Every structure is written in C-alpha cells, then in structure tokens.
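In what comes next, subunit A is part of two complexes: it sits with subunit B in the first one and with subunit C in the second one.
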Partner chain A sequence: MELWLPLAAAVPLVAGALTPAIARRHPGLARPWALAVAAWVLAAAVQLTRRVVLEGPFSYPLGGWARPYGIELRFDEFSAVAVVIAMVAGLVLVYSGPYMRLALRATRLPWYYSLLLINLGGLVGFVTTGDLFNLFVFMEIVSVSSYALVAVAGGRIAPLAAFKYLMAGAVSSALILFCIGVLHALTGTLNMADIAARLATAEAPAPILLALAGLTAGLLVKSALFPMHAWLPDAHASAPSPVSAMLSALVVKVGVFGLLRVYPMFAAVDVVRLAPMYEILAWLGALSIVAGALLALFQQDIKLMLAYSTISNIGYIVLGIGLANELGMTGAGIHIANHAIIKATLFLAAGAIIHQTGRRTLHALRGVGHVMPWTCLALAVGVFSIVGLPPTVGFPGKWYLALGALEAGRPGFAVVLLAGAVLIFVYYIRILNAFYFRSPSEVGMLSVREAPVAMLLPVLVLAALCLAGGLLGRWPAMLIGPAIARLPGGG
Partner chain B sequence: MDVIDLRILLAPAISFGCAVLIFLLGARARWRRVLALGAAVTKFIVILSLLPGSLAGKVYVFEVLEFLPGVGISFRADALGMFFALVSSTLWVLTTVYAIGYMKGRHARVRFFGFFALCVSTTVGIAFAENLLTLFLFYEMLTICTYPLVVHDETPEALRAGRKYLAYTLLGGAALLLGMILVQSLAGTLSFSHAGVLPAEAGSGALLATFVTLIGGFGVKAAIMPLHGWLPAAMVAPTPVSALLHAVAVVKAGVFGILRVVHNIFGVDLLAQLGYASWLAWVAAFTIVAASLIALAQDNLKRRLAYSTISQLSYIVLGAALLTPFAALAAVVHIANQAFAKITMFFVAGAIERSTGKTQVHQLAGIGRTMPWTMAAFTIAALSFIGVPLFAGFVTKWYLSLGALQAGAWWFVLLMILSALLNAAYWLPIVYLAWFRTPAAESAPIHEAEALLLVPTLVAAAYVLLLGISMQVSWLPFSLAQAAVRFVAGL
Partner chain C sequence: MVGLWLNIDYAAFVALFCIGLYVVLAKQNLIKKLLGLNIMETAVFAFIVTSGMVDFGAAPIISDDTTGPFASPLPHALILTGIVVALSITALALSLIVEIYRRCGTIEADELKGVE
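Our next item is the complex of A and B:
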C-alpha cells in the first residue's frame, strides 16, 4: 500500500494533536489511545521495512507533486530505524502508565501523551523524508516537543534544564535553518537528491563550505557531542524517566542521523573536499568517547551517570562516521539503533528503581538488587550491553568501528574505543556493586517492592532485545549495507 | 574427522540451566544440593561420553549462530578442548561436594551456588570454543561470573580485592578484544580449526601488536608476572572459590587461551620464524623463579598457595613458548597435573580452616596427628609439585626438560631443577611441621574434617597419584594431550 509511508508520520502527529480533545472528559482514555497509535506506527514501520528489504529504497511524492516541485518522502534502509523508534516509544508508553500517574496531575496526563505522540511522529517523519526543509521541520517538531516533555512534571531543576535545552536547541536550529537557506540560494531546490546533483557543478567553495560546516555544527549540538554537550545531562537526568528514555535513546540521534542524511549532498562537490571534515568528526568523536566516560565516573546520581554515557556513545557514532569507510560507517549506523535499545533499557530500569524507592544516588540505593531482582537483572543486562560485551547488542557496533579504525590505518582510534569501553565498565560496575554487594544504607530499602507489571514488562522486553539484538547482530548490518555503500566514503 | 554433535552444546548448557534453576529455587537448600550435584555429575558423564570418540580421532563440532558476518558462536571439541573440559568437569564434581560442606551455614548461598555453576558453564564454553570470538565471549562471562564469588563476604577487603580483580581482568579483556580485532583484520578469520591462521606477510609491526595484545590479554588470567597482582588479592574469597579460581576455571582459561594463541592463531612455525616466543619463555622463566621466592616468604597458607599457583602456571606458558612437541605435551598435561595437585592443597587449607580455624603456616605444628588423612593428601600434592617420580608433577618436568633439550635450550633444564628445589623449600617445611613437630597445645585426639570436605580431598589426591603412575593408560587424559600435540606439530 502506497499510503503507509505518508501515514507513518502523519497519523501520530494528528493523533497527538487530537489527544487532549479525545481525553477531555476521560483522562484515562489518553494512554490506550496513544498505545493504539504507537502500535499502528510499529505495524507501518515493519511494513515499510519489509518493502525496503524486498524492493530497495522507494519514494512517495506528497500530493502527487513529483520532485523537485513537491515534497518527497523517501524510505531507504536507514529509515528502517523507524521500527526501533516505534518499538521504544511503544514500550515507553506502556511504562508511562504507573510512572506518570504519580508524577503528574490527572488533568495533565492527556497533554503528556499528546506530546509523546507528536515526538514520535516527528522522529518517524525525520527518518523518512527526502526533503531538506521537511527534515528541518520534523527536527523542530521533535525538539519543541522534547523541551516541553523535559519540563512536563515540573520540579525544581527540570524547568531550568528545559530552558537550557531550549536555548541550545534554538541556536542550533537557527544555524541549520540559515545553512538550508544558503543551499537553497545556491541550488534553487530543497530536495536533498536534487541539491546533491546541482552542487556537483557548483563553483563557489565558500558558501558550500559554510553550509557544510554550519549543518555539521548545528546537528552535533542536537546530538550533544562533547564539547557541545552542556545542555544534555541536566535535561536528561531531571526529566521524568520515560521521557529520559525517549530523549537519550531516540531524540539525540536526530543529530547524528541528520549527518548521514546531509553528507551525501556534498559527495559529488568538486570544489570542497569532505575528507578534512571527516577527520575533524573522527577526532571529536574520540574526544567525546573519553570525555563522556570520564565525566560519568564522577557522578553519584544514577540518571546523571546514564546521561553522560549517552555523550560517550554519541562519540562512538560520530567516530564511526568520521572514519569514512564501509566498516566504520556500518558500525555507526547500527549503533544508532543499538544504543537506542540499550539506553531505553537503562533509563527505564533506573526509572523503575527510582519510582519504587524514591532514591536516586548510588549510596542510597545500596542493596536494591535484593528487593527488585527482575528490574536489577534487566539493568545488569543493559550495563553489559552498553559496555559492549558480546553477545549483547552493544558489541556489533564496537566490533565494526574497531575494524573500521584498523582499515583506515588508525589503530589509535581502536585503542580509544576500547579504552572508552573499559572506562564505561568501571563506572557501571559501581552501580552493580552498590545494588548487589553492599548492605543497604537505609532501613527502608528492605520494604521496597518490585516494580508493577506495566513497568517491569517493558524493561524486561528491552533487556531481552539487548540480548537478541546482539545475537542477530548481522541482520541490521546487512540491512543497511546498501545505504552505507551510497554514502560518500562508505562505498 | 568432524562430527556434528549436540552434546558439546549440552555440556555448557547443563551448568547454565542448573544456575538458572538455583536462582529460581531460592532458599530451598535441599533441592539446591540435589540440583548442584546432579548437574555436576550429569555434565561429567556427558563429557566422558565424548571421550571414546575423541580418542578415536573424532572432532565434535556444533555451530550455534553466526551473529556477525564471518564470526559467530560455534563450538568444536578437539583434543585440547576435550582435555580441558574433562579436567574442569571432573574437578567441578569434587568442588561441588566440597562447597556443599564448606558453605554450610554461610550467607547468600543461592548466589554462591548459582554463580558457581555459571562459572563452570563458561569454562566448558571456553574449552569447546571453535573461534577466538566464542572464547572471548565466555572468557569475559567468566570474569563477570567470578566477581560475585570473589566479593562473596561483602567485607571492605573483599570488595577491594574484587575491584582489583576486575581492573586487571577487564584491562586484559580489552587488550584481548583489540588483539581479536587485529586477527580478524589480518587473517579474515578467528577460527581455531587450523594450526595457525595469521599470514606471515602481514608485517612484523602488526604481528607483534597482535602477539602482545593477545598474550597480554590472556596473560592476566594466566598470572604471568607482572600481571599477577589480582591473584593473591583474590585469596579473600571462600576456599572453594579459591580452588575454582586457581585450579579449575579462571587461571586455566588464561593458559588455555595462550595455548590456543600459540598453536591455533599464530601456529608454531610462524612463531618460530618471528622469534617472539623466546621472549615469552624468558618471562615465564622469570615468573617461575620470582613467584617461588615470594612464596617462600608467605606465612599465610592460602597466600603461599597463590604464589605457588603463579609459579606453576608459568610452566604451562613456558611449555607453550618452547614450541617443541615435547614441551607442548608438558604444557597440556600440566593443565591437569597442576589442577589436581593445587585443588588438593586448597581443599586441605579450607578443611584446616573450617575445623581448627588455623590459616597460618606456623600454626600447623603437629596438625598431621589430628588430621592424618587430610595431611596425607597434602603431602601427596606437595611431592607432586616438587616433582618426585611417580607423582603427577614429575611427568610435566620430564617432558618439559625433554622439550627444552629439543629446542636446544638446556638452561631451562637447570630452571626445572632450581624450581624443584624452591618447591621443596616451601612445601617440605609444612610437611615437616605437620608430621614431626608436637603441637603447641596438649595433644588433641584425631579430629578429621567432616566427610563432605575430606572425601573430595582424598579423591583429588588419589588422582594426583593416578596421573603420575599410569600415564600410558589409554582412557586417561594423557592420550588426549598426545593427540592435541600431534595436531599442533602437524603429525
């Protein structure tokens, strides 16, 4: 069916906008409604992925207007990440039931679900569009809904964190919009494939270089690559845990995914070479891996630890893109999806623990492994995944990245990669130590009970995905193979 | 001849299933005992049932899944793997019986026996690994599964030892991962099915980096000096765990990995050509002497045992590094010889500690009169380490000396003699103290350790004698070792 593609993004956006109206009389309706929509998006994403596997990339001209006049929606192998997006969002919705009932007033619940659905629609739209301006619009939908989601539960830190996030996001958005304007002025089109074709014959290096650098910088701010990360830790740690999971697993990926989308536009340009840009990306990625891991080491708050490790993991992805060979970019591509699964597991598990105990520092949470065995088991699986031990889902990405570093003749990057993994292990071992091997520092810990089923189930499903995704790690790599080959440097 | 057989998958699966059931059973002690023993015996029988085929030259294989292109989890029971699996599963039966007796009345027994079973599961996985990735996977799992056992007492000292253990082994693991990635990018395969996969024309820099990272990675668990620091620290663990660490699983995983690297990754011919092995031989020689000297100065019995282990392990490393068939034979058989003798000693140390509370060597005056059977077992093990003929240790020294002469390195024969003298210098005083000195207090009546501790000790000691006397009996592990060496030497 041709309409799956436009509807995949449109349905959650419209349904999200309608949620407050639908749930006006009965706030309890909001969650089932949102769940149904997420399930539908998942079905659509699976359908679309099936088609891309069978037929290769395909397009849908919006309103019947073919490019370059109309907006082109395009589903290629990278877009298959929509499956992961829908899955994580769906599990977050399931999880939100018991969690948000405590965190929010009942009358605000519909607004929360509305924002989550809009966020989901924005993400799906972002990965399925072939139009540069459209890409920007979806990015803004994702960003604006994210700012609101951070602040949704109120509290002391969250509104400030949301404001900081908003400032960083707004500046980077303005930069990206400006660069899109430059590209439009140069080529007269906004379709990414067309821009690529027309830039090939462009002769002025300065504006192209400006656009390339500006887009890169703007997108890297969205991804919180060190040293552009300052907005992330507070925003991700102070948001309600299901929101943290969405932000850390999916929303930060907008930046790195955007890089994979905009770089092909500059592939055929004669007057500007991409190689120096890739070199900068590789170094920034390596820096981010180490810096994120080191910063995480000094945290006591488990959600802050998780937030800093996101910075480290974004470093892996950017390093992989910067290596500019097939293996490195494959590693980056699959780590985008794999890290989403891992980080969602970790944030939801940590959220369940915080929800049940009311505590969030390592010291106060000592001994929680004995009273919440299943949640902590899932958390442990997530920990081993984020370190990248085989056969978990964290391993394939690191494997490809390290092979890519060797192929690029840069064994130093392979060493940095592994050093990052060891550092990560050091700080996550502290979590496991506190949870399992330290006697409780507070008496109240003994009366804590395991999380309710609606929270436990998504966490366990995600933990199972952490294992399954590693064991079946070659499928995603094979899936995105053709898309990698089309990237500049990836062939 | 390769035969597909599910039994080699069954062997690790039995222990794994046992561990899961132990966790699910919770506090039901009687069922836990039945389960632990039942699984140990079943697994022993399964591995034993593979022995006739293995002796007849069959190689059992089972490919589980290929989770990245070209690399996957797959099992292969060749002669060397069978040898290691047989030794570890025999010892698991003994250690389980012993642990049931030793851990009576202690805390967190569910965790203890669960992780204990997991350790043995991963050890068999290491033994049957078909490629470096599968080996690495189980090797890292072993690190993680032994950690809860090392910190079992949850005292600050235990946690400190646990941290040290993790720091050493995780850095080793990272080095190993790097080496594995180097092998994959140089050779394009990680398989152990060949007598060497690395191409000689790969360039000496890359080959040296591979050798250093792989040997360094495995060398941590093999406790080659100066990578041995974790081993004495880990003595804080309960005695069955020390026995497991020192005799069955952890250190043997290290030396087994070194054997695999020397024999199956590099291959004897390539290493002889490159000359790296002679450096390794000198490092091993240094470790043998230095660790013995340190052992002389230890008054704590378990610490003396730990340094003796470090010294004995380097026999295996030396045997592998000499690159001659006789030396390789010595290396393989010493896996069993050291294991049985060392586990006897640990059982004795634990039995003495449990029934008299004594942990220091100088307290042992006259202990032979109160615990005659226990100390008889200790004496047998001590004589084996010294290398008295008709004891297991002699076989190692004999073949290692022959191998050294084959390699034209007569000075290592002198090293054997020196090491025998040093072993005599730190074991015979204990034997003398135990039998020929009167106890400080009034003479106690015979007070042996309980049967659950005594019987495994005696069986292990009997095995030391058996290995020394009847090497030529075809169903003993020695013939497997010969088969392993024939493969390595290309005979």
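Our next item is the complex of A and C:
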C-alpha cells in the first residue's frame, strides 16, 4: 500500500497530539492507546522494510507534488532502522506502565505518553524523509519532545539538565538551519538528491565548505561526540529510566544518522573534497571512544556510567563513518541499530533495579544479583553485548569496524577500538562484580523483590534480541549493503 | 572588498549570529542565555528570508497585471515553520527556568554549579 510511508510518521504524531484529549475522560486509556499506536508503527515499519528488500528504495510525494517541488518521503535501506525504533519505543511504553505510575502524578501521565508518541513519530519521520528542510523539522520534533521528557518527572537536577540539553540542542539546530539556508540559496532546492545533483556543478567552494562544516558540527553536537558531550550525561542520567532508554538508544542517533543523510549531498562536488572531513571524523570518533570509556570508569552512579558509555559508542559509529570505506561504514550503519537494542536493554534493566531498590550507586547496589536474578541476567547479557563479545549483538558492528580500519591501512584505529572495548569491559566488570560477587552493603537489600512482569518482560525481550541479533548479524549488513555502496567513499 | 559590500546583509547576519553565540556562551544568567539563543535564531531567519529576495522582484501573487520577476516565496514558508520551532523552544526553556528557580532559588549558572 502506498500510504504506509506517509502514515508511518503521521499516525504517531497525530495520535500523540490527541492523547491528552482521549485520556481526559478515561485516564486509563492513555497507555493502551499509545501501545496500539506503537504496534501499528511497528507493523508499518516491517511492511516498508519488506518492500525495500523486495523492490529497493521507493518514494512517496507528499500532497501529490512530485520532487523536487514537493516534499519527498523516501524509504531506503537505512530507513529500515525504523523497525528498531518502533520496537524499542513499544517496549519502553510497556515498561513505562509500572515505572511511571510511581514517578509521575496521575494527571501528568497522558502528557508523558503524548510526548513519547510525538518523539516516536519524529524519529520515524527523520529516517524516512528525502527533503532537507523536512529533515530539520523532524529533528526539531524529536529534540523538543526530548527536552520536555527529560524534565517530565521533576527531581532536583532534572530541570537544569533539561535546560543544558535544550541550549546545546537549540544552538546546534540554529547552526544546522543556517547551513540549510546556505544550501538553499546556492541551489534553489531542498530535495537532498536534487541538491546533490546541483552542487556537482557548483563553482563557489567557500559556501559549500561552510555548509558542510556547519552541518557536521551541528550534527556532532546532537550526537554528543566527545568534545561536545557536556550536555549528555546529566540529561540522560537524571531523566526517568524509560526516557533515558529512548534518549540514549534512539535520540542521540539522530546526529549520526543525519551525517549519513547529508554527506551524500556533497559526494559529487568538484571544488570541495570530503577526505579531510572524513579524517577529522575518524580522529574525533577515536578520541570519543577512549574519552567516553575513561570518564565512565570514574562514575559510581550506574546511570551516569551508562550515559558516558553512550558517548564511547557514538565514537565507534563516527569512527566507522570517518573510515570512509565499505566495511567501516557497514560497521557504523549496523552499530546504530545494534547499540540502540543494547543501550535500551541496559537502561531499562538498570531502571528496574533502581525502581525496586531505590538505590543507584554501585556501592549501595551490592548483592542485587541474588534478589533480582532475572533483571540482573538481562543486564549481564547487555553488558556482554556492549563489550562486543562474539555471540552478542555488539560484536558484528565492531568486527566490521576493525576490518574497515585494517582495510583503510589504519591499524592504529583498530587498536583504539580494541582498547575501547577493554576499557568498557573493565567498567562493566565492576558492575557485575558489585551485583553478583560482593556481599550486600545494606540490610534492606535482602528484602528487595524482583521487578513486576510489565517491567521484566521488555527487559527480557531486549536481552533475547541482544543474543539473537548477534547470531543473525549478517542480515542487517546485507540489508544496508546497497545503501552503503551509494554513500560517498562507501563504494 | 566589492563582494563584501554587495553582500553586506549576509555579513551582518553572520555577525549577529556570532553575537548571539557569544551571549549564550559568556553570560551566566539563564534568561540572558535564552536571549542570546533568540538572537542567533533571528539572525538565521533573517538570512534565509533575504536569500529569497530577487532584485526588483514583485510579491509572488499571481494576478492579471503583475509580471515577473517574482521574489521566491519558499524561504518565507520555511521561516514560518522555523519561527514556530523557535517559539516552542523558547516557551519550554522559560518554563524550565521557572522550575529551576523554584527548586534551586537562583538562575545564575555559576551559582547553580554549587547547588548540584
């Protein structure tokens, strides 16, 4: 059906806007409503992915205006990540039931579900659009709903963390919009494929270079790469755990995914070379891997630790893009989806532990592995995945990245990659050691009960995906193969 | 140098953008930071709107007695969307500042560091 594509993003956006109205009379309806919408988005994403596998990329002209005049929605192999987006969002919604009932006042719950649905709609729209300004609008929908979600539950530092996040996000958005304006002034079009065609014959190097550099910088702030990461740890750690899972698994990926979307525009430009830009990306990625892992080592708070590890993992993805060969970019592409599954597992499991025990530092959580065996099992699976041990979902991405580094003749980057994995292993071993092998530091720990089913189930499903995704690791790589070949430097 | 004079409006907007960025980075008061952000956004909007200008262009409304050239209407449509985004960000940021003031009793960034 032709309409799956526009509706995949439009339905959650409209449904999100309607949620408070629906929940006004019947507050209990908000969660089932949100769940139904997420299930619908998942079905649509699976349909669209099936079609892209069978037929290759396809487009939908919004309002019947053909490109380049109208807004073009485009579903290519990268857009298949919408399946992961819908799945993670659906599981987060299931999990939110028992978690948010305690964290929020009942009157605020419909607004929370409304924001989550709008966030989901923005993410799906972001990965399926072929129009540069449309990309910006969806990015802003995702960002603004995320700023609000960080502060939704209140708490002592959450509003401040949300404000810092908002300032960083809004400044980078202004920069990105400025560069979109430059590109529009240069080419007179906003369709990304059309811009690529017209830039190929452009002669002025300075504005193209300005647009390329500005877009890169803006998107790197959004993805919290190391020197631009200051907003991330507080925002991700002080948000309620289901929100942390959404932010860390999906929302930071907006930046790196945006890089994959905007770089092809500059592929055919004669007057500006992309190679130095890739070189910078590779170095920043390598720096971010090591710095994120080192910073995570010094954290006591389990959620702060996970937040810093996100910076490290974004480094892996950016390094893969910066390597600019097929293997490296494949690694980056599949790590975007794989890290989403892993980080959702980790944040939801950690959230369940914090919810049940009321404690969040490693010291206070000693011995929790014995009273919450299933949650901690899922956390352990997540830990092994994020290190990248072979049978798990973290392995294929890093394997491709290492091969890509060797193929590019840069064994140094492969060493950084392994060093990062070892550092990650060290700080996650600390978690497992504290949870399983240390005796409880507090008496109250012995009376803690396992998480309720609605929280345990999503965590276990995600942990199972962590294992299954690793065993089926070749499928995503094969799926995005044609899209990688189209990228500049990927062929 | 002639090129610069021809594009003096663009240069002014870039300067305005940088002023806004300076305010965001250098001022401690959260409301002033937000003002800086709005200066940046205004610079971007003004830049994009002027980029749609055509010399001696008429307003792009088709009627019997108007003939081209017409100014490009697309940047105006873009900026309307951009203004809505900027407005929602400003509203959200102001409500966050109110919340920060209620909880911490100050909206100076350097004092807030001590509160954390």
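Rule of thumb we're sticking to: the second predicted complex is superposed on the first by the 491 of 491 C-alpha atoms of A that agree within 3 Å, B and C clash if a C-alpha of one lies under 4 Å from a C-alpha of the other, contacts with A are read in each partner's own complex, and residues count from 1 in each chain.
Convention: contacts are C-beta pairs under 8 Å (C-beta built on N, C-alpha and C of every residue); 3 or more make two chains touch, one makes a residue touch a chain.
Just so we're clear, the structure is a prediction, and the values are computed from it rather than from any experiment.
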Partner chain in contact with A:Pro159 - subunit B first, subunit C second, else both or neither: second
Which superposed partner A:Leu403 touches (first subunit B, second subunit C, both, neither): first
Touched partner set for A:Phe425, first subunit B, second subunit C, both or neither: first
First, second, both or neither for A:Gly470, with subunit B first and subunit C second: first
Partner chain(s) touched by A:Phe384 [first = subunit B, second = subunit C, both, neither]: first
Which of subunit B and subunit C A:Tyr436 touches, first, second, both or neither: first
Of all residues in subunit C, those that touch subunit A in their complex: 17, 20-21, 24, 30, 33, 37, 40-41, 43-44, 47-48, 51, 72, 74-75, 78, 81-82, 85, 88-89, 92-93, 96-97, 99-100, 103-104, 112, 116
Residues of subunit A touching subunit C in the complex: 133, 137, 140, 144, 147-148, 151, 154, 156-157, 159-160, 162-163, 166-167, 170-171, 173-174, 177-178, 181, 184-185, 188, 190
Residues of subunit B defined as touching subunit A within the complex: 65-69, 71, 73, 133, 136-137, 140-141, 144, 148, 151, 154, 159, 162-163, 166-167, 170-171, 174, 177-178, 181-182, 184-185, 209
Partner subunit B, residues of subunit A touching it in the complex: 384, 389-391, 396, 399-400, 402-403, 406-407, 411, 414-415, 418-419, 421-422, 425-426, 429, 433, 436-439, 470-474, 477-478
